[in-house]
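Below: a set of structures, written as structure tokens.
In the two complexes below, chain A is the common chain; its partner is chain B in one and chain C in the other.
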Partner chain A sequence: MNLAFDLLLIAALLWSAGRALTTPDLFRAVVLFIVFGLLMALAWARLDAPDIALAEAAIGAGLTGALLLDALGHLRGPVRRKSGLIAPSTVMSSEGAGPPAFPTYFLNGLAIVLAVALGLALAGALLLLPEPAISLPREVAAAMDASGVAHPVTAVLLNFRGYDTLLEVAVLWLALLGVLAVAGGRAPGRAPVTPRSARASLKVPRLLARVLAPLALLVAGYLLWAGAHQPGGAFQAGAVLAAAAVLLNLAGLLPGGATPRWVLRAGLGFGLLVFLAVAAAVMGQGVLLQYPPAWAGALIMLIETGLTLSIGLTLAGLFLALSGASRQ
Partner chain B sequence: MSGLDWLSAIFLLVGAAFFLAGTVGLLRFPDVYTRLHALAKADNLGLGCIVIGLLFQADSLAAALKLVLVWLLALAASATVSFLVAHRAWRRGIAPWRADEPGIRRHDES
Partner chain C sequence: MLDPLPWLILLPLFWATLAFVRGPGRGGRLAVAGLLLQLALAGGLARQVAGEGERVYAVGGWGAPLGIDLAVDGLSAVMLLLAQAVALPLAVYARAYYAAHEEGARYFWPLAGALLAAMNALFLAADVFNLYVTLELLGLAAVGLVAASGGAGPVTAALRYLMATLLGSGAYLLGVALLYGAYGSVSLSILAPLLGADAPLAVFLAAALMLLGLMLKTALFPFHFWLPPAHGGAPAPVSALLSALVVKASFYLILRLWLDLFAPLATVAAAQLLGLLGAAAILWGSLMALAQTRLKMLVAYSTVAQIGYLFLLFPLATDTGSVASASAIQGGVMQALSHGLAKAAMFAAAGTVILSLGRDDIARLGGVSSRLPLTLFTFALAGVTLMGLPPSGGFTAKWLLMSSAMHSGQWGWVVVMILGGLLAAAYVFKVLRQAFLPVEAGTQFKPVPRLLEWPAFLLALASLLLGLRAGEVLGLLGAG
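Our next item is the complex of A and B:
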């Protein structure tokens, strides 16, 4: 029964990935990409990795999908790809409704051959992986008592490999700075101006957004708290917060804009600053981000709370900066 | 199987039947409005029956309430999305399908 489900899931994954790449309609491609993300989340859940499943559903399918749909909205008129696989700009040279020119066929064939070769090489590398000298899961299990939390993923992310997470948060923050630099320079956002006829149609989604936003806040708080002993944590909680912000923005209740005011800016940097402050405070332990065992749990919760806020604002900012910049 | 298991099985099967009918409707119905009708049936009644079926298996009151919450949230999302799709279709001038006038026609307002 489970095998049948898994095979069906794999087939659906391959199908949605293939269709997303080859369909000539960009809107359909985006929808198929979102479907692919949701199926991928299911696959992670089947692989007993609920942490990744949550992140994939929230960020891979949800937020990326919203960004892609928003980007599609900026491309005026119906956008069609001439052919799958190759990006439109490359195919533009072969104007006309006839069959694709010879180089397109050749490039597509080459791309397929290379992709299959890479896939086989990766599969081979995975299958031929030597037995690791150190069993990391066993090491983690042995050190769990000193980590301050009861969930191994959280222990690795915020204690044993805390510096990885510190740098990841910095990278995320830099990504948003990049987006703001590109989209920036506009006045602080107002709620998008919509014609009267469209405003009437916003009533229903507005009601939904007003119901869902408080619930999303509750779920984010729960995920943050749950991260200490079960799947959850700052990234998932932050992604849920960001989803609530995007929903409020789409319903016209939250202005977008590429020039955040100082409160927002402080919020964006807050998590990273808390993380850095904790890292600086425990430097005396000799190793970067090695917490005193008695304080580990509280410090991790402190960092995760700050990170939830900042990750939520950053992920939401990636969407709001771009959507707000365009509608004014 | 106990009585509760039988009840569960019956509700799950009825829910699955609604999902099947909704999917067939989505694939076979002639226009966007009728397809929405089929889809919303699957969401509302299909998911509702499946939630009822699962309620009989819930370990605690908290788990049961969470299942009901999942159903209510799906209802709200499904109603909103159906409204948005139908509203957009109507504003773009897609007239509802009629059995006597096959095909999609544009009405005057756009």
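Our next item is the complex of A and C:
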């Protein structure tokens, strides 16, 4: 039964990925990509990785899908690709949109050959993989008592490898900075895009948004709290917060904009600043990010709370920064 | 006393975040103060390494394999010094530049701070996954800086850069996953003794993927396609940071992996291939630089060429005996340092010319010699390093590489280096010749602030004097 389910899942994954790459209709490609993300979340769940499944569903399928659909809405002109796979210039740039030239077919062929060769080499390498000399899960289990939390994933993300997470939070913030830099730097007076509220396909009833947003806040709070002892945590909670903000924006209840005011900027930087402050403060009697054992749980919760707020704002900002332009 | 090691990472992150919170365009003074402190910290760390040798720092107190280790040795100390020494004058320059030219200034300081933090974290990392995170941080900061000036050209260049850098880090990450699958750890110090010539197929695949990804990020020929539009189209302070430092960071990682982790897998054939690509980069980049009509594109193609020299060290350092190999590594690192200083100076000088003249056609530079003498002198001094004339750092670098080539009997690389030097002279003099022509009728030179000219001059001077202090630099490199 399980084997049949897994085989079906694999087939569906391959099918949605293949169709997303080959369909000439960009809208359909985006929808297939979202389907692929949801199937991926299922696959992670089957692999006993519920944390990654949650993140994949919320960010990989949910938020990325919303961003792709939004980007599609900003594209004027034809949204069809000339052919599948490597799209010729119709979408990527405004330069001439003639029939696909010989190099396009050549490049497509080359890409397929290389991808297949890499895929086969990877499959071969994985089949020949030896038993690893070191078992990190065992190391993690042995150190759990000193970590300050009960959920191993949270212990790794915020304590054992908290330094990676610190830098990853900066990566997320940088992604938003890049978007703000481009969106805010645009020359004024560009032709406005159709206002979002006028687009029938994206109209979400305001009532629904008003009901769902507070619920999302509650869910985010729960996920944050749950992260200490079961799947959940700042990234997932932040993603739910961001979803609520996107929903409110789609319903016309929350304005977007590419130039955040200082309160918003402070909110965006808050998580990183809290994390940095804790990292630096504990150096008073140890090394970077070495929590005193008695304080570990509380400090991790403090960091995660700050991160939830900032991650939520950042993820929402990726969407809202560009939606201001469509409201001019 | 403040432990310099963690603060070299925390400090730039602090000033980057604070600059962001303070608002668009703000935070320049904070950045200069932060960089001053960072330079002092990097100096302190270099002294520690010179005195006590290599040092390992267990973040969180866990230690590998459970936690993340940072490590500093001679090579990382030298690179840290380079990064702070280039960034500080450039920060002073950038304040003056953006005061005169606001476009692209909005998020420069937060992005630059993140860039510095990423670079320092990369030079200190000793864990292949942590290295991946720093690469991602570095790549996104660099792309953001290129995109920040807005407009279709820079944004297109930034997107192309983004695709290249994401593909590069994606390949690297795939390699990390394979390494973890094979050995169950991502710590360099734990992986290194486990890796042997009898490693499973996955490890060979990992090595190939990681090196390819990093070559793409370093813009080694033929992966250089993204570099000229990105470096040539960005505002001058950004071009300088990217050309001087960012490509060196991924090169540093290639060098470290080649010498430490993948040393048992390294073959002479692979090393020769890297050398051939480097030689092709030198010739192709120099010829393309010669063919450019815009000043900044010329400087950008010169970066493509100068990156080539870095890769000559691989055929010279692989299976050639300890003398040739040591001299090749020293030469490669000296090249990274002197090119970093010289290219920062050259882009900064080009930016000053563009601010003053309002254009960057090489054919219409007449009068620069009389109106901007210090800036032209800066450009020429930086050119001396690129050509490899004594007493510059570039001369020391090429001399070390050449003596290694002669010692190991690989004369072909000597010919390539001499040709590269001649071509560099050709493209530098192409600019100088135009600059010495009389002022074109109707040309207005806007006066430029002194803070725009002097930092660039100091950088060029440093690249020249580096050759005279090479002994100390190489001593630090050899420590630990």
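The working rule: the second predicted complex is superposed on the first by the 286 of 328 C-alpha atoms of A that agree within 3 Å, B and C clash if a C-alpha of one lies under 4 Å from a C-alpha of the other, contacts with A are read in each partner's own complex, and residues count from 1 in each chain.
Criterion: a contact is a pair of C-beta atoms (placed from the backbone, for glycine too) under 8 Å apart; a residue touches a chain by one contact, two chains touch by 3 or more.
On a predicted model such as this, the values are computed, not experimentally measured, just so you know.
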Identify the partner contact of A:182: answer first if only chain B is touched, second if only chain C is, both if each is, neither if none is.
-> second
Classify the contacts of A:215 with the two partner chains as first (chain B alone), second (chain C alone), both, or neither.
-> first
Looking at the overlay, does A:205 come into contact with chain B only (first), chain C only (second), both, or neither?
-> first
Which partner, once the models are overlaid, touches more of chain A's residues, chain C or chain B?
-> C
Residue set of chain C touching chain A in the complex reads 3, 6, 10, 13-14, 17-18, 20-21, 23-24, 57-62, 65-68, 103-104, 106-107, 110-111, 114, 117-118, 121, 129-130, 133-134, 136-137, 140-141, 143-144, 147-151, 155-156, 158, 174, 178, 180-185, 190, 194, 200-202, 205
Within the complex, which stretch of chain B touches chain A?
-> 73, 76-77, 79-80, 83-84, 87-88, 91
Which residues of chain A touch chain B in their complex?
-> 197, 201, 204-205, 207-208, 211-212, 215
Taking the complex as given, what residues does chain A use to touch chain C?
-> 93, 121-122, 124-126, 128-130, 132-136, 139-140, 143, 159-164, 167-168, 170-171, 173-175, 177-178, 180-182, 184-187, 259, 262, 265-266, 268-269, 272-273, 276, 279-280, 283, 286-291
